[in-house]
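Both of the next two complexes hold chain A, though its partner changes from chain B to chain C.
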Partner chain A sequence: MVRQVKQAFFPVALVLFAALGPFILEPFDLVNLSAFSAMAIAALGLAFVWGTLGILNLGHCTFFGLGAYAYAIAVSNLGDSTLAALIGIALAVAFSLVLGYFLFFSRLGDVYLGVITLCVTLIFYSFMTSTADPSFHIGPVPLGGFNGITAVPSLNMPGDPQAFLSTEATFSICLLSLAGAYVLLSLLRSSDAGRIMTAIRESELRSELLGYDIRFYKLVGFAVSAAMAGLGGALYTAVMGYVSPNVFDLSQASQFVLWVIAGGLGAFVGPVVASFGFQLLSSQLGANQVFNTELIFGATIILFVMLAPQGLQPMLLGLSSLKFPHRFGILRRKEKPA
Partner chain B sequence: MSKVPILAARGLVKRFGGVAAVDGVDLVVDAGEIRCLIGPNGAGKSTLFKCLTHQHQPTSGHVLFEGRDLQGLATHRIARLGIAIKNQIPSIYANLDVRENIRLAGLRRWLGKRQLNRVVELTLDEIGFDERLASQPAATLSHAHRQWCELGMLLASSPRIALLDEPTAGMTREEMLKTVDVIKRLNASATVIVVEHDLEFIARLAQRVTVLHRGKVLVEDTMDKIEANEIVRDIYLGRKKEAAHAEG
Partner chain C sequence: MDNLVILCFAVINSIALLALISLGLAVIFGMMRVINFAHGEFIMLGGYATVIANHCGLNLWLSMLVVAPMFVALIGAVAERLIVRRLYGHLVTTMLATWGLSLFLIGAVTAIFGNTTMGVSAPLGNIPIGAYSIGAYQLFLIGITALLVVSALLALHWTKYGLIARAAMQNSEMAATLGINCDRVYAATFIIGAAISGLAGALLAPISGVLPHMGAAYVARAFVTVISGGGALITGFLSAATILGPVEALLSYFATPVLGQASLLLLAVIILRLFPTGVSSLWIGGR
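Then we have the complex of A and B:
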């Protein structure tokens, strides 16, 4: 019971913030925070697939970018933003199933999986940057090469393309989506399927010997993470009003990984907090122009790996549980030599 | 005894380069048996074990489970037939607690939640784990407890046949005796095949013993007869040459 209350604390806080934020904050901050939330949803997807299933997907931004582009193209063609966001999710999931099929059914090792996913996103990057020619268009929407797609319509009332939502409403939707994604992934992780996924991360051999089809579970987990990234991408584009090939580039790819490492691999709250923190830092540094943002991030990730390799959340939880005496009981147990 | 043996190997050969680690093994195990495979180092026990469970593809020959060829089946499909495997190196979920380890093994049976919990608690009882041990991460267990944890996982998965590769390796005599009990529990509902070195363990457990030597089946008999067998004694004592001379 105590655990459930503790677990509910974070999404409830997000929901409260979604409700109260518009009364406290300036519109500028609301837009920023909406964009941060969209990014955080995608980061949660990576936190899930990496932390629970142990799949290090260095190209997580592929799905984010696909969701972003799909939203931009669909909303301009169809008018309705709800449908466009769903298309963004569906495209990301469909692509993840195809990519995941080749990755998992060929039983690639972890390192190769990381390299290939990273290459895939860079392929998308170089393809999208070479679509500057006006002949590259879908419906009335030119893909735009380096500049990407601009003037993307923001969110509207479901079914009514003329009724655009206010900055405040968009902010609430983004934060509620983040809370929803958090709850959904937490439920999935603690379900039987999620526990099997954790088991697969712990030992693939044992899981197979028990009769679990690890390729299937990996594919499902991969698709779920892609759905999160696709949703994040769609919301991000809706908030910012543009999408460029930069969603597929190396710094975007590394950001998601950085947030999950900093927040704590295997945790959900940590990566969300870290993603907000780093994006805030990034926007502040960007405004000042004093330091190179990439340099700061590079230094931060090195510091984290050296000083807090488990990430923020496990480190803080570890500090607080040190006072429990039973910890020492376990630590004192001597293991017999094998 | 049923007509179709639960596990049968026909002309099993496994070559590594020019060496035939398993060199034409025929083996028939009937349902309900506890069968031990013994042999000196390098006799091909572990390779045969990996072939029987299709963790190694045999170079030629077949493994039949209740008459069904395992050829081409993925590892998880073989497990789903009811074949439980414990390799020589303990394979458990080190960072999960023992109860979760056992639960994950039972989960595959798609029992109801309440019945699954019952199976888990019963299994913990069968391997003699108290509450303190059950809630420990498996990584903090002693070597013997890890072996029992893995045997518990096999128990909870309720297999038709369990194949165990050196379940008592590195155990004290008392721990070995407890393992005998656990394996007998396993045998109450499943056929058991054990690969072992420890002759006392085998004497306490096996009904029939198959002795391997240089990749081939040397003899197959009850433990009493095996112990009295001159050739087997010679092999185990490393007097192969003299034995060969005596035969010749």
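Then we have the complex of A and C:
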């Protein structure tokens, strides 16, 4: 019972914030926080597929970008934003199924998987930057090359494309979606299928010998994470009003990975908190122009990997359960050599 | 006829380019099973070293063939000592750490030199072929790539160091029992790999110019080549380059360069679907 209350704490806090935020925050902060939570939804997808299923997907932003582009194109063509967001999710899932078929059914190792997924997103990046020619268009929407698609309509009422939602309502929707994504993934993780996925992370061979088709479970988990990323991408585009090929680039790819490492592999709350924290940090850094964000993020990834490989959430939980004299030993790595 | 010659040249050029950008990575991955994500940035640093040395008044050939590899070898030595050595055996962790290193290097170079393209002009002029002409420098690139690959093959199979390196790669415990310092072998391998990447960057600098983000343009192709090559160190990636290069060159010629790159990736994914441990599993067995 206590455990369930503890688990419910985080989504309830998000829902409360979604309800109260519009009354206490400035519109500028509301827009920023909406964008941050759209990113956090995508980060949750990676936290699930990497932390629970053990699939190192370095190209998670492929699905984010596909969702973003699909939303931008669909909403300008159709007008209805709900349908456009669903199309964004569907496109990301469809692509993940095709890619996942090739990756999982050839039983590629961790490292190969990471490299291939990263290469896929880089190819998307170079393709999207080369679409500056006006002949690249879908309906009335030009793809726009390096500038991307601008003036994308924001969210509107389902079925009524003229009734645009206010900043406050968009903020609430983004945070509620984040809470919903969190609850959905937590339920999935504690379901029977989720337990099998955890078993696959621990030992692929043993799970397979027990009769589970690991390729199928990996494909399903991959598609779920892609759906989260697609939703995040669609919401992000709706909030920001534009999408550019930068959603596919290396620094975008590294951000998702960084948040999940920093927040803790296998955890959900940690990556969400880390994504908000790092996005605040990078918007501050971007505003000052003192330090280069890539420099800071690169150094942070190295430090986390070397010093706190389990990430912040497991480390803090582990620290708080230890007696004081032992608290510094946890910084040493416990991983066994591969 | 002229068209055919140019097309053949483009195909050979594409194979050589793939081989050149992936040789350093192949050495590090093949010997140490370490995926070096900072590979693209080693190429970028080699390019910058050449351009800066040349702008300081040094002879172009000297800055290309001596300064750049030595500078990147130094960076590689530092990275090996501080990061890679502490993570041997942790494949995924090493990959993430070198990715951090890659971002760090991009950030550092951007902070120092700014986000602009710098360059040196390509030496050696042109050779006319009928109505067209090809750069003599590109012929030089093909030649030096062949030289590098052949000497890597010879060094690995005909010298004492090559024997020790292969022993450390095949069975490090047994090699250590026989009195070989495996840590030192790995360190040397990483430094040599870094130096080759630096040389590749230096050689590419005159044709492509240098930019902090230039690594990303090469790193995807290099990884795909090395990984679809598989276990055999030199022959593996060479055969992958021979399969992938022509496809990329021909599609770039008849369609667009982006389509060429995309088809290269697609082909590599299909190769990995058929041979999950790379094409070289055909002749060395899955390893």
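Throughout what follows, the second predicted complex is superposed on the first by the 322 of 338 C-alpha atoms of A that agree within 3 Å, B and C clash if a C-alpha of one lies under 4 Å from a C-alpha of the other, contacts with A are read in each partner's own complex, and residues count from 1 in each chain.
FYI, a residue touches a chain if its C-beta (ideal position, glycine included) is under 8 Å from a C-beta of that chain, and two chains touch if they have at least 3 such contacts.
If you're wondering where the values come from, they're calculated on a predicted model, not measured in any experiment.
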item	value
Partner chain in contact with A:202 - chain B first, chain C second, else both or neither	first
Touched partner set for A:251, first chain B, second chain C, both or neither	second
Chain B versus chain C as contact partner of A:7, first or second or both or neither	neither
More chain A residues in contact - chain B or chain C	C
Touched partner set for A:192, first chain B, second chain C, both or neither	first
Partner chain in contact with A:213 - chain B first, chain C second, else both or neither	first
Touching both chain C and chain B, counted on chain A across the two superposed complexes	335, 337-338
Chain C - residues contacting chain A, complex	35, 83, 86-93, 95-97, 99-108, 110-111, 213, 216-217, 219-220, 223-224, 227, 256, 258, 261-262, 265, 268-270, 272-274, 276
Chain B contact footprint on chain A (complex, rising order)	192, 195-196, 198-199, 202-203, 205-214, 330, 333, 335-338
Touching residues (chain side chain B, partner chain A) in the complex	74-76, 79-80, 84-85, 87, 91-96, 100, 103-105, 107-108, 136-137, 140-144, 153, 157, 170
Chain C-touching residues of chain A, taken from the complex the two chains share	56, 58, 102, 105-108, 110-112, 114-116, 118-120, 122-123, 126-127, 130, 249-251, 254, 257, 261, 291-302, 305-306, 309, 335, 337-338
